[in-house]
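Look for chain A in each of the two complexes below; its partner is chain B in the first and chain C in the second.
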Partner chain A sequence: MTAKTRRRPPVLAVLSTAFIVLWLVLAAFPFLWTLWGSFKVQGDFFSRQDWVNALTGVHTIAETGGPFTGRGYYGAWVTKEFWRAAINTGIVTVSVVLISLTFGTLGGYALSRSPHRYAFWILIAALIFRAMPHITLVSGYLLPFFQLNVWGYLTTAIVVLVAINQPFTLWMLHSFFKSIPKDLDESAMVDGCSRFQAFRMVIIPVMWPGVVTTGLFSFLLAYNDFAVTATLLTQDNQTMVPKIASFLGTTQVQGNVMYAVSAVVSATVPLFLLVLFFQRQIVSGLTAGAVKG
Partner chain B sequence: MPHRTFIWFILPSALAMLIFIALPIVSILVQSLFVENERVLVTVENCGPFGCQKEVRVDAQATAALQREHPLGRFNGLGTYGNRSHLAFSEIAAIWNARPTLAGFLSEVMTLPFYRALAFTLAYTAVVTPLVIALGFFIALAVDALPRMVKGPVIFMSLLPMMITPLIGSLVLFWMIDSNGIIGASIQALANDPSLSLKASATLAWITLFVYGIWHSAPFAFVVFYAGLQTVPQDTMESAMIDGASRWERVRYVVLPHLSPLVVFVALIQLMDNFRVFEPIVGFSAQANATSLSFNIYNDLRSTGTPLFGSAAATSVLTLAGVALLLTPVLVRTWRDFKRSR
Partner chain C sequence: MAEIQLKNVSKRWGNFVAVDAFDLAIADEEFLVLLGPSGCGKTTTMRMIAGLEEITDGEIFIGERLVNRLEPKDRDIAMVFQSYGLYPTMSVYENIRFPLKVRRVAKDEHHERVMRAAKMVELTDFLERRPAELSGGQRQRVALARAIVRQPTVFLMDEPLSNLDAKLRVSTRSQIKNLHHELRTTTIYVTHDQIEAMTLADRVVVMNKGVVQQVGTPLEIYDRPANTFVAGFIGSPAMNLIDGTIGDGVFTGQNVTIKGLPATVSGPVTLGFRAEDAAARPDGGGEIAAPIFSLELLGEASMVTVQAGGALVAVKVPKDFAAEIGSAFSAAVPAGICHLFDAESGKRIAV
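Take a look at the complex of A and B:
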C-alpha cells in the first residue's frame, strides 16, 4: 500500500504494535519456555513451590551440580531409545514425500491439462476425501490389515499416508501446473516429444518451486501425523509422535516427564529449521490454494 | 489431452485414493453392521477334596476358532447404531419420559458417550472457526502495517503454532497450564485459590481446548489474509479516502469484500479440520471432560483386550454423515458455479 493510505493515528499505531507483540509472545513463548525447561529437572520445570524455580534452577543445581542438565535428553534418546523412533520417522517422512510427489505431479499435471468434465469431478472427489477425518479411515483399515497380516509395518503406514496425502497434493500441484502456460508443453510436443517426455523434460524443470512447496506440506502431514502412526504401527516400529504419546503413560515416575519434554523439544527442532529455511515457500503454498484455486 | 494418456497419468494417484480412502468407507459401512464374537463359554466341574464345584470358563481355543471363522464377528444389523454408545434411542426416550424440564433432559443426554462427543465436536467447530478467522484477520492487518524490516521475523514466529505437530503443541501448552507449571501456578496465585486447576472442571477444559485450537490455527488464517492484503486495489483505497471514508469504513467496505473469497476458503478448511479435532484431547488428557467423535473412534480401536471394530465403525459412519452435512452447501455451490460456467 502507498504511504498515504498507510498513515495511521498514533493511538492506533501503538495499539496495533502492542497487539502484535502480545501475539508474538503467545506464539513463540511456549516454545522458548519448553526449550529452556527441558534442560532442568522435573522439580524445577514442574515446581511445587514456585514457578520461578524453573528460571533459577534450584533443584537442578542441587541434584546435578550445574544450572543445566542433559538428563532428560539422555533418558529419552538412550534409555528409552528415542533414536529408533527418530530413524523410523525419517524413513516414513522421506518415503511419503517422494512417493506423494511422484504420484501427485503425474496426476496434478493430467488434471490441469484435461478439458474434460471428469477432471473436475476427480478434483471434487479429492476435496471430499480431504474432509474425511483420518481416524475414520483408520477404523476402516485395521480389521482388513489384521486379516492380511500387514499391520504394524512401516511400509503399511507409508502407503496409507501417501494415499491420505494425495487429495491435498493433487489440489496443490494442480493449481501450480495451471499457472504454467499450456503452450510450453504443446510446443514441445509439436517438436516431437511424447506427452510424458514433455512432462518430464519441459514442465518439471520449470515446476521445481511448486514441487518443493508441495513436498514441504507432504512432509508436514507425514511428520505431524498421530492418528495413523499411533494405530497402525507396532511398539518397535513407532515413529516419534506416538512414541512421545507413549512416554506420557508413565508420567508419575520422577524424571519421566522430563523424558517426554526433551523428546518434544527434539521433535520440534526439525520443524523449526523447516520454517526457518522455507518460510517463503510455506507462505506461498498456503496462499496458492486460496488465491489461484 | 486424450482419455488414454489422462488415465495413465492419473492412475497411481487415483488407485491410491480408491484403495485407501474409498474402500475404507465401504469397510466401515460393512463393519458397522457386525459386533464382536461372543466368547465361547464352557461349564466345567471341578471336583476336589471338598466336593464338586461348577465353574464357567472361557474356552480360549473355541473362541479363537470362532474368530478365525468369522473375523467380522456376529451380524448385528443396525443394532450398533441404536445402542447406548451411539444414538441411544431407548435411553433418550427413557430420559425424555423421566425428566420434564429441558435443561435436565439435556444434562442427562450429555452423559451418553456419543452425544457428549458430538456436543464437544460441534461446539469446538462453531467456536474455533470464527475466532480463528477474526484473530487471523487482525494479525494480518497489524503485520501489514509493520515496517518491512521486521515483517520476516514476525511472520516466522507467527507460523510456529501452526507448523508444530498438534499433539506436541498441545503437550507444550498442557505442561504450562499444569498446576505446577508457569501458567497454571500463576492463575492459582492470581485467583488466590490453590485448588484451582484448568484440568478439573469441564468448562475450563473446554475453554482450554478452544484456546489451543485458536492458537494452533490462527496463523493459517493470518497468512492467507496477509497474502490477500497485498493485492487490495490501491485505486479503490485512495478513492475511498478522498470520498472521506474513515479507516474502519475502508476496512469494512474495501478490504473485507476483497478478502471475502479467502474468508470462504479459510472457513471451509477450518470446518473440515476442526470437525476432526482429536490430538488436543490426547495431548491435554482431557477425555474425562471432553471427548470428540474422532476421539471416541480412537478409544474404541485402542480399547484394551479386543478392539471394538463394530462400535468404532458405527461412530465413523455417523461422523462421515456429519462431514457430508458440513460439505453439502459447498458442493451445491460448486455444482451451481460449474453449471453456470458451461
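Take a look at the complex of A and C:
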C-alpha cells in the first residue's frame, strides 16, 4: 500500500521522463551530429541537394565504397599534421595547469591566512585583472614580444595564459582555503609541522577536491583558448583550436572543412574523458561541504 | 617534564591590550587552569605559550629554554583545541600517529605508542574510522590521544569540553583529571567554566580584561577571593555582593544590618557572603529582612532571593522550605561569614 501511495501519478512520470529525454537529445544533438558527420564526405555532410544525404551517405558510398569513411581524420591527423597541434595543446595545457596550481595554492593559502590588510587589496587587484578581456594582454605585449624575439614560441603562450588564468585560480583557491578552519594548521604546527609541512601534509589533502576543480577550470581555459594562441604562435607551434580555425579558413579546397569537423571531434573526446574521470572530485569541490572536519 | 615561567608577558594589538604583564611560574607536574569570562585574554596567553601568537613583551621559559622566538613545533608541547582540530582525511589511527610521523620517531615504536594512547582514552574500537564518523565526545578523545601519544613537556588545553553536552562534559572531565594523574605532565587548561576550574586545577589563575585577578588553589580562591570580580565569578551561585556603609563594626544597607564586624574599617564598602553560608531564620530577627523576590527549587536545596543592598541576594534554604513570593523572609548572616571589599577599587579588605 505504502509503495503505491508514494508512487507519482503515471501522467507526471511520463511527462517528466519525456521532458528529460527531449532535453538530452537537444543537448547532445550538436555533438552527436558532428560525430556522425565526421565519418562522411563533404558532399554528404554539407549536401546542397538534400540534408538526408548526411544520414544515408550517398556520396560517401559513391566516393569511397562504404557508408563511413575515415578520410577526414586521415587528412587532418596525417596530411595536415594535426598531431603536432595535439602535442602542442598537451604541452600548453599541462604547463598552464601545473604553474597556475602551484602559484595558486601557495598564494591562495598565504592570502587566506594573512592577518594583514594588503591581502584584501591583492585579491581586489586580481579581480580587476580577471575582469579584463584576454585580448588586452595579448595586443599590449605583441610588440615587445616581437622585439624580444620571443613571439611564436609555446613558452610565451604559456606565460600569457598563466597570467590570464592566475587571478581566477588565486580567488577560487583562496575561498577554498578560507573554508578550512585555522585550527587545522595550528594543530599540525603544534604536532610538529613547519608551516609548509602543515600546508603539504594536512591542508592540501583536505583541499584536494578544490585543487582538482580549480585545475580543471584552468585546463579548460588553456585548452579552449583561441585569442592568445592564435595571435602568439607560429604556424608550426599552433595548438588545436587555432589549427581547427585554419582548416575552416581555406574552404576553397574540398575536404578541408571535413578536416575541421573530424579535428573538432578529436579535440572534444579528451574533455569528456577528463570530466568523467574527475566528476566525483569536481562535484565535491563545487559543493565544498567536504572540507569540514 | 618542566616548569614554565612567564615573565611580564604582554600582548597588544595596536592600542588594545589583550594580556597585560602576565607574570607567573608554573611548577613541574602542575595542573594550572586559566579561568575568566570570554575575551579576558586567557586563550591568548595560552596561544603565546604554544607559539601560535607572537609575544609583544616579556619572556616565556619552558624548562630552561627561552621560547619567545621558537616555532610551535620546537617548543615540545601538545595542544587540544576547542574544535578538536582533527585531520578529516585521516583515520583515527593516523590522526593519533601523526605527531610521531612528522617528528620522525622510530617507525617500529609507532604502533605500540598509538595503541597505548588509544587505550588510555578508550578508543581502541574506533581506530579505523574517520573523524566525521565519530561523536563529539569521541572526537575530543582522539584529540586527547593525539596530544598524549608523544609525551610532550607541556599539555595545553583550550576549552576542550565546551563543545560537549553537559553529561559528557562531566565524564570527560574526570578522564582528563585521571590522565593528568597518570602522566604527571605539566598542564595548562583554559576554561570559562568555574566548575571545571575547581574540579581540575592544582592552581587557578582568574583573569579579567587581560589582567590577572588572583592566583591560588581552588579553595583559596573560593574562600578568600581577592576582589569583587573573583567573588562574583567563582561559586555557583556566585558570592552575594551588597553595597552599604560600615562604621563602628556595623554594616548597614538596604534591608541589611550586620553587627560584630571589625571596627577598624569605616565608610562605604561592598560586603560579600556565600548563599550556602547563610541560613533562613523562620522566627525572624536575622541580619537581612526583606520580602521574598523568588524561590527556586534546585533539587538538593532551595534558593531564596531577596532584594538587599541594591542587589539580589541568594540564600540557600532546605528543600522543604515553603513560602510565598512576597512574604516576609529573614536570614542569618553572621559577621564570621562576611567578606569586605573596598567599594571603589573592589579589592579585598583584610580583616
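Here is the rule we go by: the second predicted complex is superposed on the first by the 249 of 293 C-alpha atoms of A that agree within 3 Å, B and C clash if a C-alpha of one lies under 4 Å from a C-alpha of the other, contacts with A are read in each partner's own complex, and residues count from 1 in each chain.
Assume a residue touches a chain if its C-beta (ideal position, glycine included) is under 8 Å from a C-beta of that chain, and two chains touch if they have at least 3 such contacts.
Quantities reported herein were computed from a predicted structural model and do not represent experimental measurements.
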Worksheet item: Between chain B (first) and chain C (second), which does A:F120 come into contact with in this model arrangement: first, second, both, or neither?
Response: first
Worksheet entry | When both partners are placed on the shared chain, which of chain B and chain C touches more of chain A | B
Worksheet item: After lining up the shared chain so the two structures overlap, which partner does A:A28 touch, if you call chain B first and chain C second: first, second, both or neither?
Response: first
Practice prompt. Could you say whether A:V11 touches chain B, chain C, both of them, or neither, answering first, second, both or neither?
Written response: neither
Worksheet item: After superposition on the shared chain, which partner residues are touched by A:D191: those of chain B (first), chain C (second), both, or neither?
Response: second
Worksheet item: Regarding the shared-chain residue A:V264, is it in contact with chain B (first), chain C (second), both, or neither?
Response: first
Fill in: Touching both chain B and chain C, residues of chain A
291
Worksheet item: Touching chain B in the complex: which residues of chain A?
Response: 1-2, 4-6, 8, 12-13, 16-17, 19-20, 23-24, 26-28, 30-31, 33-34, 37, 45-48, 50-51, 54, 102-104, 106-107, 109-111, 113-116, 119-120, 122, 124-144, 146-147, 159-160, 162-164, 166-167, 169-170, 195, 199, 220, 223-224, 226-227, 230-231, 241, 244-245, 248, 257, 260-261, 264, 267-268, 271-272, 274-276, 279, 282-283, 286-287, 289-291
Worksheet item: Okay, in this complex, where on chain C does chain A touch?
Response: 50-52, 71-73, 77-79, 81-90, 98-99, 102-103, 131-132, 143, 146, 150, 156
Worksheet item: So in the complex, which bits of chain B are touching chain A?
Response: 1, 3, 5-6, 9-10, 12-14, 16-17, 19-28, 31, 71-72, 138-139, 141-146, 152, 154-161, 163-168, 171-173, 175-176, 178, 180-182, 185-186, 215, 219-220, 223-224, 226-228, 231-232, 234, 237-238, 241, 247, 250, 261-262, 265-266, 272, 275-276, 278-279, 282, 285, 293-294, 297-298, 300-302, 307, 309, 312-313, 315-316, 319-320, 323, 326-327, 331, 334, 338
Discussion item. If we count contacts the way the header does, which residues on chain A are in touch with chain C in the complex?
Written reply: 181, 183-184, 186-194, 197, 201-202, 205-206, 208, 291-293
